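In what comes next, chain A is part of two complexes: it sits with chain B in the first one and with chain C in the second one.
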Partner chain A sequence: MLSPERLALPDYEYLAQRHVLTYMEDAVCQLLENKEDISQYGIARFFTEYFNSVCQGTHILFREFSFIQATPHNRASFLRAFWRCFRTVGKNGDLLTMKEYHCLLQLLCPDFPLELTQKAARIVLMDDAMDCLMSFSDFLFAFQIQFYYSEFLDSVAAIYQDLLSGKNPNTVIVPTSSSGQHRQRPALGEASMLEGVEAALFYQRLESLCDRHKYSCPPPAFVKEVLSNVQRLTFYGFLVALSKHHGINQALGALPDKGDLMHDPAMDEELERLLAQVPGLVNPVTGSPEASSLPSRTTPRVGSPWRPLHHTRKMDAESDGSTEETDESET
Partner chain B sequence: MLPGKYRAVSGRAASNVNCGLHLVIQTSSLPDRNKVEFRLSKETPSFSGRLLQHDLERNYSSRQGDGRIISPVPRSRPSCLPSPASVADFCGLDVRAAASSIPALGEPPAQTLSRPRARQGCHSAGPNVSGEHSSLVSSSMPAFPILHRSTEEKILCSDRLTLERQKLTVCPIIDGEEHLRLLNFQHNFITRIQNISNLQRLIFLDLYDNQIEEISGLSTLRSLRVLLLGKNRIKKISNLENLKSLDVLDLHGNQITRIENVNHLSDLRVLNLARNLLSHVDSLSGLDSLTELNLRHNHITFVRDVDALPSLQRLFLSFNNICSFDSVCCLAQCSSLSDISFDGNPIAQEPWYKHTVLQNMAQLRQLDTKRVTEEERRVASVVAKKEEEKRRESQKQSLLKEKKQLAIRNIARQWEQLQQRRGSEATGPERPGSPSAAQDVSQAQGSGPAFPEEPGSPDAPPGPALADTHLVEVDGDTLSLYGAGALECLDRSWSTQTAGTVTTVCFTFIEFDDIVQVLPKLRMKFPNSLHLKFKETKLVMLQQFNALAQLRRIDQLTVDPQGNPVVSFTLWKYYVLFRLSHFSMQKINGTEVTQNDMIMAERLFGILAHVASSELPQYRLISILGDARKKQFRYLLDAKGKRPGLVSEDASDSRRLLTENTNRATLNYSTRDFFNERLEEIREKKQLCRAYTEGLVQEAAGIHTKAEALQRLWPQMFIELVRDAVVDIRSKDAFMKLSLQHIAQQK
Partner chain C sequence: MAALPAPLPSAKMAAVEKRRPAMVPAASFPDGGRPAVSRAAATAESEEDFLRQVGVTDMLRAALLKVLEARPEEPIAFLAHYFENMGLRSPASGGAGEPPGQLLLQQQRLGRALWHLRLAHHSQRSAFNTNVGVAYECLSAGGRRKRPGLDGRTYSDLLRRICRDGEAPEEVVAPLLRRIQCRDHEAVPLAVFRAGMLTCFVLLEFVARAGALYRLLEDPGLAVADRRVGQAVLDTLEGALQAGDGAPARYLEAGSRLGPDSLAQALDRALGARRPSHPMTREEFLQKAAALFIAKVKPVG
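Here is the complex of A and B:
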């Protein structure tokens, strides 16, 4: 509340920047929309529930796309919801097409634009053979980058194109040296060397972009890490590296690590319970007794999708007594 | 004749080697048996000798049999003479006047001698013979044997000449017999009709069983009435132009492939074309006197022009390839026909064969060589009547079917056009108003009245085919809808019986979003519909299946891959099973749903449902579930004013639905139109809310700023106030006086 930023800005701007306004607007809008229903159980209750669900990240379920993408928190919540709901699809081992993933996305957000799914698929497939099958984890991490950093990636693409076409107006590097390098490349390099742009140059541009970018962008340190490993890289190569980057995923906090992607004991438990209810199924799964209390709102488990995600998962892991080492390293 | 000459010349040059022509003329009259042998052989002399011997043996035996060589025409006793010219021309091979010196006509050869002589002649081939006859080559006549008969014979049978089984390879020149009326060449090896053009009074010419390949040399025989050319090698009917008085023409056992060049034979009574290669019958006009036509053992598949034969009485079509009555329908017009045969045709195997024939040819006396009885006739007529009715019915059916096909094609085309237009439209979310909507309405009205009462009859709208934009068909328990306009049929009042029997509903060429809107109606009008089929309905998303959940019951779902991209997804089936689990469906796309499928579906999507139901905030849950309810009401109200009874029933149903799948009901599908509408609504509300919250926040921020400013100023103000007070109290007396003054003033 009393952070220095808070004092630096006028109230209104501060609220807008922190997307508080967005949620307030939406809350009022929802209230307006469902005023008959809500009037039955009180406005105060409604606001409590609303902001609770915002905290839990369940407020984006089945909402329109414009709302889902409105804030970084909404985006992360959506990513997490997608993972939670369709983790089983990935667990089943099915490889799906871009269109099918899109359908799954549309189950959660009816007007989810095809374009975004396509872009995510491009990252997975390196802009090639778009009707190929993809694994769930590949798609999910690519989709995370694409969806969460959508505006940032658009800018990156523009920068990449600029670099590729050779015009780098506000480059810091001395023109002669860079051009000299460019001339050398084809001489000693193979075909792969001709592809893409120079990593260092690219990073400089991206750094300045991150500085002035008003939307969320991945932590510059990680971007640097990604770019410092290679000399040259292509746009999609960069995106793939981003999507596979451990730290970025953690910083984002919506999804678990790749190794734990299929791991969600709470939901598995719930699923077992549901399976036991499938009509005609003979052997009832021995579910935990308290789980049978019907749509019991699992509020304590859900918590906030951000930090507590790792926390809860770790607790679960401990109780399971499995995968100790990996969890240690995370925290 | 050219070939003959050529043969002669080359033969002479090669002196007894080539050319395979064998002519044997024998006479068998007792008084003078002259035998002339001509022989041309490819074989070596010894071999040809053997052949000759064999032939002679045959002749010999036959002669022993009946004492005469030419049996069929008795009393004809021709005698043959080799023409010297022909001898020479036949390339210097054996030319022998058997048993006699060449010129001798009447020397009787001893039968016993003929064999050795022949052999001898054969061996003592060529050179001397050719030398002997070289003088005769100059004769202007081509190389043919010349036949003379004795005067005695001529008197005996002046008008006939029989040269049967004479091993003739050419027609001999028949001299001095201009009055001949009957000529018989049966069972020879004649390849060409020649040398008879002078027999202008010939009436009967029998060339049965020869090797003739072409009809020719008959142009002068104007009085010829009987021409028998059976068992030859004729490929084509030709050169009969001048035989105008021909009465009988027998061409059976040839290789004729079509009937032609006979149209001028107006006197022809009998035409025999059995055992040829005819594939069809036509060009029969002009044969005005034809009473018998024999076409057995051909490959005939259809018959035409028979009705152009006014006198035809007997027609034999046995053992052909006639498969249907359509191909012989002209026979029905042939009123003079009294005897017909079809046996050995595929058509004769049909159960209705006899009846149909008798019905169509009432004048028939014989069918397949059996007499037609009255009883048969009567049965035939009864059967035929029934069949006629049946045929009419089926015709009507097929007509309707055709119409239906046409309509479907039209709808398909329009559908494609619509899709293309929509494809070209840059993803416009609004559905363009169907341009043919007006047409639809008129069509529906035009065809509507008769339709609901007639289950089993397709609702093919009459009128120009181009206007067909939709089609509704009830066939047994299946209701098929083609084209978006067909959905209007659900507004009609259906008879309870029809509505009750319909268990399958097919949608074709209708957008799923349109279908979604009529689902509540479908649920009401066809309560028993258990099987839904979708084809070309633009099912592209899994969520679209959500819409089906509002139906009463579905046992089977069939989604044709054609025009429904969703079917290509691996998950679609499971999603359907999951979302529509409360129907406990039995079949999807024809495959039985197993327990494993159900579990899999739950495994894949159970969490989604759980998350949707348990994590959604209360107010949202209510509003989403309410949406489904509201939507149903909305369509209901749209459809038919208010019907309290139905509405309440529906409401109770939806309550049931809520209880059945609370956790799934949150997964809804609203059509694109509806969704866009809602988004629009939301946008408006959002603007309002934005303005409102902005006002609130601004105000709050203002108050806050003021409060902050006050906070900042307050200590100073307080100090100032205290200072003022202190300054005031500094001189006590003065302060007191002043205070008292104040009080006094107040009073």
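Here is the complex of A and C:
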């Protein structure tokens, strides 16, 4: 009901903590770009709509990347918008490539950097075979971690590299139980066996990182949980574990649990209402939830508003998932 | 095109429309969405003038001051609400037409007063007091057929509205209203008004917390609480409230009586001493808890 610590903060810190000035500044920029709107509706109305859209999280749609990543709320809103807009991709069980997901992201944010999509895809694909197909939910949860905790992960990557190179002497010490089995192997084999870094050491470094990190980082308790389950792990192993962690997803608050990802009755209803208005598209079968939760191949595709996408998808399947640049959004 | 974002469903359709621009090579994007940026340096000064002339600067300054004064948990929602209210007040959005009737005017006054009252939580006493003062002025302003000053009827209306919006059951808050209401024709001085508002808001929070407490006691399957448990909690609360009268030192005593240890003891005793009887409903619990609070309120007049 009350969080008294906000009352004790100095004014400036309170405003900064909640990014009030960021939004006020942006509101003014938007106002200057839409001067004709204010002569029609008035300034108060303009600001009302602006701040309401910030509350609802629709303010990030079609905005520039620098704004989308400016605050944690913007990032969460973007993740939510991405999920809600392209949920049907997952529902139909379509698998897309990294480049295709990138195109979807660019529909919502035209200057979305490719590098970030690549990084997210690397989490799913464990850093190899970057042209593989990914399911919507795998990509979404990996993307969530990568996008929301971007700066944190950069620091984590640096720490990981540090441990990997600097602390190499440690990695030579092999636990006795496994050393017996593998003694005959060459040293190189042993090193590759011991992929990654020691989890406990890694956690120590991450703990202090979380303490002093000025950007958002995942709740330290969950990081600890992830790292205490294993002896050693690789960087991508760590990211995969983060992306699959329910607690982190919940704490972040942008997306539902993985099981509920395709479940959004209000949105389904809205979609159906819209589809009903399009002559020639109506297909009674799509309406029932049973039908829509089936694997894609049996679902009638006519009912989906993302028809162009499905066409490409079919072509893709024929060409055996190759990743020629598909212009699905041009049709 | 960075137009004001629309709510999601239509935005979704907009996403379809915007496919084409999205396919333009990325290189042309910096600034593509914001034509104003490139001109910014040259026009910064004129933009500042523009903002000052149309009143944006003053409006934002006032809004920011309100935010700092109230320190709301969610400042963005607060701002949305703030500007919405401002829009309702300005004649521009009222639409051309005949002047609003007396009843409508009265409703608007109440709405505005309520809005001011809710700007700051009552625990931030100085901000709350300022807002109570502004609300009082709103309500007591004279009009064409209204003499200045606040009458008992308007004051009672406002109290009822606050209680209704506070989502407390009517029978729970009714005894309070009987205690602090004024007669319809009486003039209400600021001190009475302030005390009434404060009491009302505190009671609503008290009831909300009592509701949360009840949820803890409640049997999840049956949606009722064991009477022995409910009564034991209420008795402990009553004991603490009686102890809390007077000197600050006694507040500490009251607090310790409500601490987990003594509460657990009371619950234990209650469960051991009596046999289970018919369960206690939420309404009954809230009503009894509220009665303890209301008994402490000094009646008006």
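The rule is simple: the second predicted complex is superposed on the first by the 242 of 331 C-alpha atoms of A that agree within 3 Å, B and C clash if a C-alpha of one lies under 4 Å from a C-alpha of the other, contacts with A are read in each partner's own complex, and residues count from 1 in each chain.
The rule is simple: a contact is a pair of C-beta atoms (placed from the backbone, for glycine too) under 8 Å apart; a residue touches a chain by one contact, two chains touch by 3 or more.
For clarity, every value in this text was computed on a predicted model and none was experimentally measured.
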Chain B versus chain C as contact partner of A:C85, first or second or both or neither: both
Partner chain in contact with A:A44 - chain B first, chain C second, else both or neither: second
Contacts of A:R18 with chain B and chain C, given as first, second, both or neither: second
Partner chain(s) touched by A:D154 [first = chain B, second = chain C, both, neither]: neither
Partner chain in contact with A:L96 - chain B first, chain C second, else both or neither: first
Contacts of A:E207 with chain B and chain C, given as first, second, both or neither: neither
Which of chain B and chain C A:E115 touches, first, second, both or neither: neither
Contacts on chain A seen with chain B and repeated with chain C across the two complexes: 11, 15, 24, 28-30, 32-34, 37-38, 41, 46, 49-50, 52-53, 56, 58-59, 61-62, 64, 81, 84-85, 103, 106-107, 110-111, 267, 270, 274
Footprint of chain A on chain B - complex, ascending: 540-543, 565-566, 568-571, 581, 584, 595, 598-600, 602-620, 622-624, 626, 662-663, 666-670, 675, 679, 682, 685-686, 688-690, 692-694, 696-698, 700-701, 704-705
Chain A residues touching chain B - in the complex, by the definition given at the top: 10-12, 15, 21, 24-26, 28-30, 32-34, 37-38, 41, 46, 49-50, 52-53, 56, 58-59, 61-62, 64, 66, 81, 84-89, 92, 94, 96-97, 99-100, 103-104, 106-107, 110-111, 267, 270-271, 274-275, 278-281, 295-298, 302
Touch list for chain C against partner chain A, complex: 1-9, 11-16, 18-24, 26, 29-30, 32-36, 47, 50-51, 54-56, 59-60, 63-64, 67-68, 71, 73-77, 79-80, 83-84, 86-87, 90, 92-93, 121, 123-124, 205, 208-209
Residues on chain A engaged by chain C in the complex (per definition of touch): 1-3, 6-7, 11, 14-15, 18, 20, 23-24, 28-35, 37-38, 41-56, 58-64, 73, 81, 84-85, 103, 106-108, 110-111, 114, 267, 270, 274, 305, 327, 329-330
